[in-house]
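Input: structures, listed below.
Both of the next two complexes hold subunit A, though its partner changes from subunit B to subunit C.
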Partner chain A sequence: MRGGVTKTAASRRLRLPRGEGAGAWLCAGSVALSLLALLALLVLLTVRGLGHFWPSPVALVTLEDGRQLAGEGVREVPLADGDGLERLYRTGNRDLDGERWAWVRVSAIEAVGYPADLVVVERRRWGRAIGHLVAVQGAGGERLEGEAAWTALEARLAELGTLRDARDRLREEVILPLAGRRDDEAAARELEAAHARLRELQAAMAGGRLELATADGGTLTVPLAQALGAYRPNAMSPLDRLAAWGEGVWRFLSEGPRAANTAGGVWPAIFGTVLMVMLMSLLVTPFGVLAAIYLNEVAHQGRLTRLVRIAVRNLAGVPSIVYGVFGLGVFVYGIGGRLDSWFFEAALPSPTFGTGGLLWASLTLALLTLPVVIVATEEGLARIPDQQREGALALGATRLEMLSRVVLPMAAPAMLTGVILAVARAAGEVAPLMLVGVAKLAPQVPVDGDFPFLHLERKFMHLGYHIFDAAFHGGDVQAAMPLVYATALLLVLVILVLNLTAIFLRHHLSTRHGALTRR
Partner chain B sequence: MPLVKEQRSSPDPAAIIDFPPEASSLAIRGLSLAYGDKTALRNLTLRVPRHRVTAFIGPSGCGKSTLLRVLNRLHDLNDEVVREGEVLLEGEDIHAPEVAVAELRRRVGMVFQSPNPFPMSIHDNVAFGLRLQGGLSKRKRDDIIEWALRSAALWDEVKDRLRASAWSLSGGQQQRLVIARTLAVGPEVLLLDEPASALDPISTLKIEELIRNLKSHLTLVLVTHNMQQAARVSDYTAFLQQGELVEYAPTDALFTNPRLARTENYITGRMA
Partner chain C sequence: MLDSPPPTAVRRRLRQGRDRLATALITAGGIGVIAALLAIGLFLAVEVVPLFWPSGEASAISPEALWSGGEAAEDASRHRWAPTATLAPDETPRISLAPLAWGTLEAAAWALVIAVPLALGAAAHSSLFMSRRLRSRLKPTLELMEALPGVVVGFVAGLVLAPWVERHLAEVAAALLLLVPGPLLAGGLWSRLPAPWREALPLGWAGLWLVPWLALVLAASVWLAPWLEAVAFDGDLRRFLELRLGLDIAVRNALIVGAAMGFAVMPSVYALAEDALSGVPSSLAEGAQALGATRWQTFWKVVLPAASPGIFSAVMIGAGRAVGETMIVLMASGNAALMTLNPLDGLRSLAATIAIELPEAGPGGVHYQLLLLAALALFVFTFLVNTLAELVRTRLRRRYRRLGGGA
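After this line comes the complex of A and B, so read on.
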């Protein structure tokens, strides 16, 4: 019946209030305003975040004084002296002039063209290179010019991509697992062979370079091994752009960060966030549920219980950084330090558990979200009519059987509601994590093929902290800004997916056990 | 310190029927009970005859539901309850320390005012008590479930949808399901706390018919507000007022020819 009630109530509420006076309009207005604000937030994140990966055309701008520059127009602002507009171009070639951005007076622009043969090269260092492709030199020294150069460049870059993948796979699947068993002779021989293969691959990737004629008349030489990709943005069809956009988004999701978190992807951060939240849920659910059962079903409902209940509810309001300090003092230095001196003495003075890590971060957040789970579960337990409990007891059930067979299944949806709220809160927390285990850069995710597979002591990356770091600690804030938006959008999506999973689970449970409200 | 400080009126022994111990299933002796300092039952002494329907009637708050809950020790849940006196089931004190409460509650089943089936399938509801006991093969269990549902006159209505949620049944069906669930664990005594007060007239008739049928092998104790119901289904009726037993007699005698004016006032509706 719950669905029915909410539906009719919702449809009644969503209709324009008629003859109910200003109060109803006020309420409807605030609902509309809240929805609008949420929508604006999502649209801003989506447009700014996902727009970044769209390969926009690159303009070749000729100024009055004859100078030229190439770049994408980003935005225009009025000049400080009120005299016309100034336009920001996102250029490249930072290794030549140290700049990636150029402000140009609109009135000083003579002509803007979009030549089809402008090439943008993504590089491992120094960001993008932009210019006309002059020549490509192969590893063997042969030199190609004109259109043939572009064809050769595309082919060589595809080849390099394949080689890179092969190298990464060799490192991860062969060399890393073998490195752990140095004393085994057969393994040592295998390792030697793998290293030889690695050297071959690296030799195959080395050599060759491309020459670009930049817009300001200079020449830029890029070693091919440094180039990650190249495209001609002005010659792309909409379909090509879409494909390039898709590839950009995919790389953002699947790769690690580059250039001090101002470029590249966020895969380790996604992984770290999700893993940390899952561990947190695993830790908080049993404790929270047991505590709620004690408070609601076992404890004598006297003044002390009431006091404890109020205290638990108030704990939910403690600022999260306080939990971070507690986690640092108790978990990291206290328990972690003790564990180090007992079990990891060989590694001292470098700490194993005595420094921030996945386990301590999950524990801290579990503590932070414990009140939420307790309160939600208690509310669920309180909603179960005493008749159900008495019915079970009257059939000869012990208290424990009554709890486990009747009360807990009925309260399961409420528990999951608590977990959903906990996940929503924990996934967005950044402040306490900075004290207990999050890292600016931890390209090694905490799960790998090495025993014990899940490395609880490792530091990890987190989307929330990544946003903070990219926005304020990067060298180039302008360049990091789109990534900040994209990461923020991603954080919202990750929380959404985690919540939807829990909601789906709750729905599944409540249809199986029959929700209380269905009566 | 005695629980009951003053007896408001001394019981009239002539107005209270007694049964020989061998014909009674429950014996209540000097039972008093208080919630904190609020007295609910005052020094009750009566016997409940075996394989008969005994009804407790009386105004709200007279203690009849409390009395029923004492009989299978549901009052144990409330730690404010203070009790004096004893209740014997087939001659054994149900409050004796060696009595297992769960076992007692299997022997003394209880059906509550509003139907309280568990949020499970019809089958699982009836199987609930059997599963707690364990040790039954699935086949044996299914046989008992069918027998219980037949005894509760519900089998024909649900035999094709035993896996459907119990909450999809109508109120009357739910109440019969609860009775079946209680019958399945094989009680000797069935306590019914206003079992039809939340039901429509037709469902009420079915429950009443069921009660009459069940007394062939069960001792039934019925608490009801509805005096016509007590008159229709019970063999003996006890009238309680303010926690005291006023009159206890064969139902016909009590309703047609009450010995005491208090009883007469109540059953003729002249009592404030």
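After this line comes the complex of A and C, so read on.
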């Protein structure tokens, strides 16, 4: 089907060869359909995941009956009775009417406006507040109205942000490490000072409130200490929006979850995922490489070895949940329970290691990914020509020297590929973690200033489980959806990057060592 | 190494000792790791034993109970899985694993129904017609698709696709009807295009340029749906299915699970099938083409039969993956333990049941052991299926080597 064919041949080619008709096109169609599905999934995740952070304009909707509501239009669906459309608005002010969403019949809408002075306030509790800013009252009682109120509000919120950061730093860096050493005189005095400073900061943050006139005519008073941020979405320029979007993405990545995992960020989940995966790769690499070297270089290449090799390969196909069951039965209940009765008797009956935790999760996933590493390393080892080994031995090297100086350096990229593939698999695996240690919400990350710094027995949060939990166990799934999209996008990105690295490495490897390939 | 002094006897002995030690360590470590891996099956088997040969007063559970939920089970509690339900004194425990096994197999079957044609078609296209450059790009792309975490696929299927499908049944039906004629129509139009256009849209790249075409076809099916609904389904497909065919429709049903899991399983089936097809010695295909067969005829009559064991093993591997996949079924199936043939009803699989119930089941109890039995069943099934596939593949590779010298 290349060019450069003579004219007659080309004109004969014009007719589709009869036998090649239907089947060929159906096959091409199945390629296209798979790609389309993949593309659709990725586009959906990207658009919904990133779009959530874009500050979309807030509409002030006036209904026929005179009622007003403020919120962002989310989507439209045909009405159940078939005539007309219904539009979903994401509103705020949940403390006033208990609702975060409003369905409105499109035909019942009289006017939709986008007044520039609508203010959206992110709050620590009750979600967002939306309304016209009436007044801001400072801590001292001075009351500002109009445009001055907005400038004062912005300044005060920025100030509160820095205070909050200072408080969090103080808590994490000074108070928590000191709290462990209560019996120490000097530490106790330091702690006292830190607490005094903390009270000072808290006093500086207290006081002040803002008043909003809500769309339905009410008044909403928000204590300034409760407000996390405020913006006027309709008055923003595209550049402002972009900045707000960047800030939203950053806060998603760097903050902890709020409101039962339906708001806030996923930082603890990122942290937990990365930590667990790192521990897992520390465990899986040496053992996987060891087993691969044994199988390929040391073991007698007989029937038994071949059977073992097939068995190991097949273990890669055993469902991950089975590994989770094994981890729960052997690591958590078996070894963990034994450890508890030996070393942590004081804490019983509440288990220390006898319940799911970081260590057991890492071990389980290490076991799960062991076949991946073994297979990849073995492939790398098998690709090294025997002449290399024989040459080394002929020059007088012992087997250890031959392995460590010649074979392993040559197989290193293959090992790395195996480990990366293992990491990619482990990062996306959720089912076994549900049995051996993942938590819906872990108040403490497994690393802190307390000895021994890394707490292997603690439960941890995980991106994949966060998706499952927020999407299925949250109270308001509708509200959690954007964050679930964003989390899913994040997880997919992490895994794509890891896999691309592995693919790139493998490609690099096969071109570099192509000449060495054993035929 | 060359300029180091010749080793003395002591140094040589030291080196040899170290070497022996390292070899022993590697052997011990390697055997230990492999033994730990293989211990999984052993552990499950040992833990399950007390179910059938109890040591104390507890009564053994009969296979009959696991199948139908007890000998005396009346119709209402036959094939029920409710191990934690509080029972009246004379009731038999509802511990039938049958609905769970049924759900597992049903989900896997629907996944294969979707994945296998897609994967085999894609494999056939990429080994027959696809340009080399596109093929070298397609493989890693589908590998990425395989690596997409189950929890993400399950979330999209359960919370995005399922509600959409529920509201747009007719659109989905229309899309299914148009999926086969769509590419055929493209082929028909293509053969009528002027030659330069066809040069620009070669068959080798059809996998790529058919993507927007298929998107168009799907858009057309949305547009055609009301008409289809009016003509074929009395104006309302949902009512048609419920009243005429007597089908219950659950939002999260077996078809949704099948579609999601088919999406997840398709890349691994594709990879293995493509390996099998491209491994067929080219001398066979060349011989057939020299005798005047078209590429498609060569494929259908020569390459496919030669590669059929490999394709069988690819399908087996896919079945193993589909049976064990947990998160997709958990999130997209509704988890109702039913035994129906209706693809629009929910299901509950063994793996999902383990994931939901095992954390709550105390160790050592009957419930715990039953769940371990479920895990053992999954383990044995996937292990056997994979071993079978691997054996078939090994034999196939030997045959290729005999046939064509591994060309």
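Basically, the second predicted complex is superposed on the first by the 456 of 519 C-alpha atoms of A that agree within 3 Å, B and C clash if a C-alpha of one lies under 4 Å from a C-alpha of the other, contacts with A are read in each partner's own complex, and residues count from 1 in each chain.
Definition applied: contacts are C-beta pairs under 8 Å (C-beta built on N, C-alpha and C of every residue); 3 or more make two chains touch, one makes a residue touch a chain.
In this text, all values refer to a predicted model and were calculated from it rather than measured experimentally.
Participant: Scan A:300 for contacts with subunit B and subunit C and give back first, second, both or neither.
Facilitator: first
Participant: Considering only touches as defined above, state whether A:220 meets subunit B (first), subunit C (second), both or neither.
Facilitator: Touch partners of A:220: none, neither subunit B nor subunit C.
Participant: Check whether A:496 is in contact with subunit B, with subunit C, with both or with neither, and answer first, second, both or neither.
Facilitator: The second partner, subunit C, only.
Participant: Based on the superposed arrangement, let me know which partner A:133 touches: subunit B (first), subunit C (second), both, or neither?
Facilitator: neither
Participant: Please indicate which partner A:385 is in contact with in the superposed arrangement: first for subunit B, second for subunit C, both, or neither.
Facilitator: first
Participant: On the superposed three-chain arrangement, identify whether subunit B or subunit C touches more subunit A residues.
Facilitator: C
Participant: Contact-wise, after the overlay, does A:395 reach subunit B, subunit C, both or neither (first, second, both, neither)?
Facilitator: Both partners.
Participant: Using the superposition on chain A described above, determine whether A:409 touches subunit B (first), subunit C (second), both, or neither.
Facilitator: After superposing on A, A:409 lies in contact with subunit B but is clear of subunit C.
Participant: Considering only the touch criterion stated at the top, classify A:288 as touching first (subunit B), second (subunit C), both, or neither.
Facilitator: Second partner only, subunit C.
Participant: In the superposed arrangement, what residues of subunit A touch both subunit B and subunit C?
Facilitator: Residues 395, 398, 401 of subunit A touch both subunit B and subunit C.
Participant: Can you list the residues on subunit A that touch subunit B in the complex?
Facilitator: These residues of subunit A touch subunit B: 300, 385, 387-388, 390-398, 401, 405-406, 409-410, 513-516, 518-519.
Participant: Going by the contact rule set out above, which residues of subunit A touch subunit C in the complex?
Facilitator: Within the complex, subunit A touches subunit C at residues 1, 3, 10-11, 14-39, 41, 44-45, 77, 287-288, 290-291, 293-295, 297-299, 308, 310-315, 317-326, 328-330, 333, 356, 367, 370-371, 374, 395, 398-401, 403, 424-425, 427-431, 434-435, 464-465, 467-468, 471-472, 477, 481, 484, 488, 491-492, 495-496, 499-500, 503.
Participant: Touching subunit A in the complex: which residues of subunit C?
Facilitator: Subunit C residues touching subunit A: 1, 15-16, 18-19, 22-23, 26-27, 29-31, 33-34, 36-40, 43-44, 47, 117-122, 124-126, 128-130, 138, 140-145, 147-156, 158-160, 167, 179-180, 182-184, 186-187, 190-191, 195, 199, 202-204, 206-208, 210-211, 213-215, 263, 266-267, 270, 293-297, 299-300, 317, 320-321, 323-327, 330-331, 351, 354-355, 358-359, 363, 371-372, 375, 378-379, 382-383, 385-387, 390-391, 394.
Participant: Mind listing the subunit B positions that touch subunit A in their complex?
Facilitator: Subunit B residues touching subunit A: 72, 74, 77, 79, 102-103, 105-106, 109-110, 112, 114, 116-120, 128-129, 132-133, 165-167, 178, 181-182, 185.
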